[in-house]
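Letters A, B, C and D mark the chains as written, and numbering starts fresh at 1 in each.
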Amino acid sequence: MDLEALVACFGSLACVVTQTTSGLIVGLLLFLVAAGLTLIFGVLKIVNFAHGTFYMLGAYIAYSVLRASGSYGLAVLAAGAAMAVFGVAFERFLIARVYGGNVLMQLLICYAVVLIFDDLVKLVWGADFHAMGMPDAFQRAPIFIAGGVVPPFYAGLIAVSLCLAALLGLGLGVTRIGKIITAAADNPQMVSALGINTTALFALVFGLGGGLAGLAGALAAPVRSLSPGMGFSVLIESFIITVIGGMGSIAGALLAAIGIGLLRGFGTIGFPLFTDGLIYAAMILVLLLRPSGLFGREMV
Amino acid sequence: MTPLAREGGIALIVLALLLGAPALFSSPAFEDFIIRLSALALFASSLNLLVGASGMISFGHGMFYGFGAYAFALLMQRTALSLLPAFLLTLGLTALAALLVGGVCIRLKTIYFAFVTLAIQMLFYSVIISWESLTGGDQGLRGGIPRRVIAGLDINHQRHLYQVCALLLVVGLFAMRHITASPFGMTLRMIRDNEARAAFLGIPLWRPKLAVFVLAAVFAALGGVLASLFVSGAYPELADWPISGQAIFAVMLGGIESFLGPLAGSAILLALNDIFTRITEYHGLVQGGVILLFALGLRRGVLDFLRRDRARGEAASR
Amino acid sequence: MTKEGVCRRTVLTAGVASMISMPFVARGAGNAVRIGVPTVLSGPIALLGTSSRNALMLEADRINAGGGLAGRKIELIFQDGKAQPQETARIAREMINSGGCELLIDATPSSGAFAVQEVVRDLGVLCFHTGSETSSLTADPKLRAPTAFRCARQGVHDSIAGGAYLAQFASEHKFNKWATCSPDYAYGHDTTVQFLDFFRHFKPDIEIITQAWPKLGQPDLTEVITKLIQAKPQALFTLLYAGDLSAFINQGNVYALFGAMSVCTPNVDYPVLNAIKNLPDGIQSGTRYFEDFPALPANKAWGEAYRTRFGEYPTNWSWQSAASMMFLEAAAKKAGTADGKALVPVLSGLTIDCPFGVDGRITMRDDHTIIDYAIGWGHTIAKPPFITGVKAADWGQIIELETAWKKQQGYI
Amino acid sequence: MKLEVRHLTKRFGGVAAIDDVTLAFPSGSLSAVIGPNGAGKSTFFNLISGAIRADGGHVLIDGEDITAHGQAAIVRRGLGRAFQVARFFPTMTVRENLMAAVAAHRGQWGDLMRRFPPPGASPRAREIAAMLGLADSSDRVAATLSHGDQKLLDIALALALEPKILLLDEPTAGMGPEERARMIDRVQHVWSEQKLTLVFIEHDMDIVFRIAERIAVLCYGRLLAAGTPAAIRGDPAVIAAYLGTEVLAP
């Protein structure tokens, strides 16, 4: 516990700016993963425990595309597109076969997929950890805002993630298909009652979720270590975010992600040794007091 | 013959076979396998008391497996208690812990129950990691479980440990079988089938739910004790959430509706793991592939599949 | 009744199936010495396992080409313990009990090593631990096993050597304000405390102004990095390693952290160097495995042979595993047998010629842990050989302080 | 036993689902509750049986106020209930369903000392099955029963509690004419044999006017009228509410 340091930090604009941006960067990348997780749960009532695999594959694909083409933009797009396709295939060929069964059967399939792809990554890219390296365009000195440090790459990441969040919100709120997805997340029976093709809808939701996780992996690749199994810790954190924000709620996931990012950002100064315990405790409290999450609707 | 007598007879025969096996063929590998199987099978069967018998899906059951392992190893290392009191105290402490955790969790239903158990397990795991002075943190409780020979029984000796495990496995499974076949077990099934109806038959739902939660935790701890004896210590991996996953997968592989499903699933899971880690470094790939084949091919546990297949055959021939 | 009938039948089938899968009791081909190697071949530290495996194969081939261990060829059996103690203990037992292995080379991290230690205590076979650096494994007489040896660097040695080097470095640059950043688990906490103890022993006037504890494998270290930068220390000591260290350096670069403070770590090794795109100059680092230190032709040749054969650089675990084979070779030669139990007394106190010794020699002390291996500190440069100006640690000083530490811990 | 409600009120949001209803069902009577969809009939039953809590008013059994009692306590006080959508235990056979219910009623639900069924449960289950004409299906798994048999099983489960008051929520819902006749037969049979105070919700006016001794009409949560079939048939308020539906024609 170092509350003194925390108070001192809140007293300095530079510290607040720096820790807030670092909290945002942690939170927003998690949001991209969590958004897919929460959508999939909302619409299909499936906890996709293979979601971390999407993130991992996104990062590795971006790594290889960047090496081959030299273009980071292309690498990010390729990773997103590839994982969207992968998401659809995953739903069609595996998950779709056990709809209506025990939820634990879906869990078993996700587990098998995680095992398989962790090993495939090891087979293709090797057991050692890789780093993509900073793309040339972002190799420049940090920006200073009110004395706080903000690296240009991170400023870019925050902007891109916020844009994606806004696009997602807009897409779900305004377009017809978006409205259907939102409606389905609220009330799955209604959608089939309306005569909407649920097969296509489910595949689409998995594609969207996979694409977002792939993008997150690609966006994180320049600064994070790539290794087989790297999806695991990201999965846990996005799962927590999804639960706290409310399974099925995009807005909830965004707020929970930013909240956890900021808790990390300032927790590391004030109480570095039990930020994790605090997050778990928050999750338990939310579940007990409001099981459907801060923004979720009660599932009957 | 009553079912009780018949099952008791079968249990005794199996126990006699297991205890007699080393006299016929001495295979330390077989003994190791049974020791590990007994830990996992008791744990998985205890999970099925919740999942299969009561319809309460828990993602955090591994917490009690870990609790049992740590409580037992700590009691043996830190106190002068002899084997049996330490063992019984471990089960008692687990029941107490489960009463607290269950009291909080059973208010929630379906997937939220699963989530909150998982969240509590995560918290429990992070306490183990952080409370280094008691638990050794990530390095676990090292240095072995002290030898305390009672009545000629030395559980650090592999043969003796094998005998203890075989006994506890058979007795534990028999006890769980009895629970599911008792009126109480039927009450659990009523709750699983239709909670609202059960409530309107005058059953105060929270009591059987809490009771089965505590019972399942105690049997999981029994498995945990055996695991800690096998590794002669306790490690945080025994309390982490992948261990809950192990039990879930054993239950799903073997069959949720058959009482011996979790036992069969545990045997399959361990055998797959043992074979594949021996022949390839890419065991995850092969194991994942086989599990996918099981899951997509049978769409239910092996025993459930065989049973239903058989039932269908009978219906056709009728 | 039919329900139970079917149940019973299927369980019998499952039982038989799993019996068939049981390992049959195997023996090595001819009179080969079969060595079981429980290691880590999956998960985040798989690289340590594969690089140990490489080194062991390299040495086994060399020894076999020269006639083997007391005339018997070496056969290595590798298996993945998945970095889980219970799994590692299982395969270790199985290797001995039914895999036909006569001895073990345990290339697993500490959690695995402690589990294997109990198996070794139980089965009484010869074992080399080549991964665990946790001092208590051999220093604590309660934990020591009579037939187990550690052939790996040891935490307390590194702490003393590092403390001494950093004290000198701090004095030269007048760095008194330090920060630490280590993984939030027992190794990170204990070793940081130990390092700081010895650091203060040599330079009492340092001040630790902040400490950061990222989680092991935490993908994003940003908030930790910005916290460190805010605190404005003159120098930072970190125990992050492997993927976490390379992530830290890559993410630190984004914030120009390396311009803001001097960074010191014992853990820069070849895989880390490999995964860092823009290695900053001037990181003070210990040598985990380094081809140019000790600057012996044998060391350089060994590193080159490894690189040629496997197409990658060796790790710290590589040399530790290789050294265990060298000890085995020397002991078998001296005793004229490859029988594990007979080798135990020979190994105790044995000194061998070894490319990884600071003077070309390493000794297996009678408390079953090695000394006189290469410990040095230098600083990084952006181009090969990446680390330069390496100064060797003073083993006289290390042993003196280690003895004092053992007394303080009540080990002797 | 006599069942009474006094000034019973329940609001959902701002809307009163049950609004100040006062009614009495004399001991041993056979009464119907009717009303258009959304009249609050099921809510009325839920309030009486303690499944939901009232906002105001009282429920009395033989003059004893049970409004504050929980569901389990009300069951013990002698009130049984069957549901609009049959509620039973689909994976068990009919016999097991009934034996489990009997065991629960006898307070043996927590018994760990013996195997299921506890002694005495089986003959009692057979009795109940026979009473409802389910004896032939005793060994069938409940999920495979016909819709009508499932509704009968639901009632049978309620009867296992040896209730003095029985609430049936649309016992003939979703049935064909033949099944309906069989069901009504059974219901009347059970009522007369067990000397129950029986209250049922029903949409089929033929049935209502044929068998009910007393009828209560609910409309938008309010009690519109209550009395004998003849009185109800002539009640102008009821005719107004059902205007144009012709169901009241004799």
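Couple of notes before you dig in:
Going forward, contacts are C-beta pairs under 8 Å (C-beta built on N, C-alpha and C of every residue); 3 or more make two chains touch, one makes a residue touch a chain.
Because the structure is predicted, anything quoted here is derived from the model rather than measured.
Chain centres here are C-alpha means, and the one lying farthest from chain A is D. Each chain gets one centre point, the mean of its Cα atoms, and the points for chain A and chain B are 33 Å apart. The geometric centre of chain A is 35 Å away from that of chain C, both derived from CA atoms. As a whole-number value, the distance joining the C-alpha centres of chain B and chain D reads 43 Å. Chain A and chain D have Cα centroids lying 51 Å from one another. Contact with two or more other chains is made by residues 283-284 of chain B. Residue positions of chain D in touch with at least two other chains are not found. In chain C, the residues that reach two or more other chains under the touch definition are 41-42. Here the chains touching each other pair up as A-B, A-C, B-C, B-D.
Across the complex, chain B meets chain C through its residues 6, 10, 27-30, 32-33, 36-37, 129, 132, 136-140, 142-144, 156, 158, 227, 230-233, 235, 237-238, 258-260, 263-264, 267-268, 270-271, 274-275, 277-278, 281, 283-284, 302-303, 306-307, 310, 314. For chain D in complex with chain B, the residues that touch the partner chain are 49, 51, 71-72, 75-76, 81, 83, 87-92, 96, 99-101, 103-105, 108-118, 154, 157-158, 160-161. Chain B makes touch with chain D in their complex at residues 2-4, 178-179, 181-187, 189-190, 192-194, 196-204, 207-208, 211.
Within the complex formed with chain A, the residues of chain C that make contact are 41-44, 46-47, 49-50, 184, 210-213, 215, 217-220, 222-227, 229-230, 242-244, 246-247, 250-251, 253-256, 271, 274-278, 312.
Those residues of chain A lying in contact with chain B across their complex are 45, 47, 94, 97-98, 101-105, 107-109, 111-116, 118-120, 122-123, 236, 240, 243, 247, 273-274, 276-277, 280-281, 283-284, 287-288, 291-292, 299.
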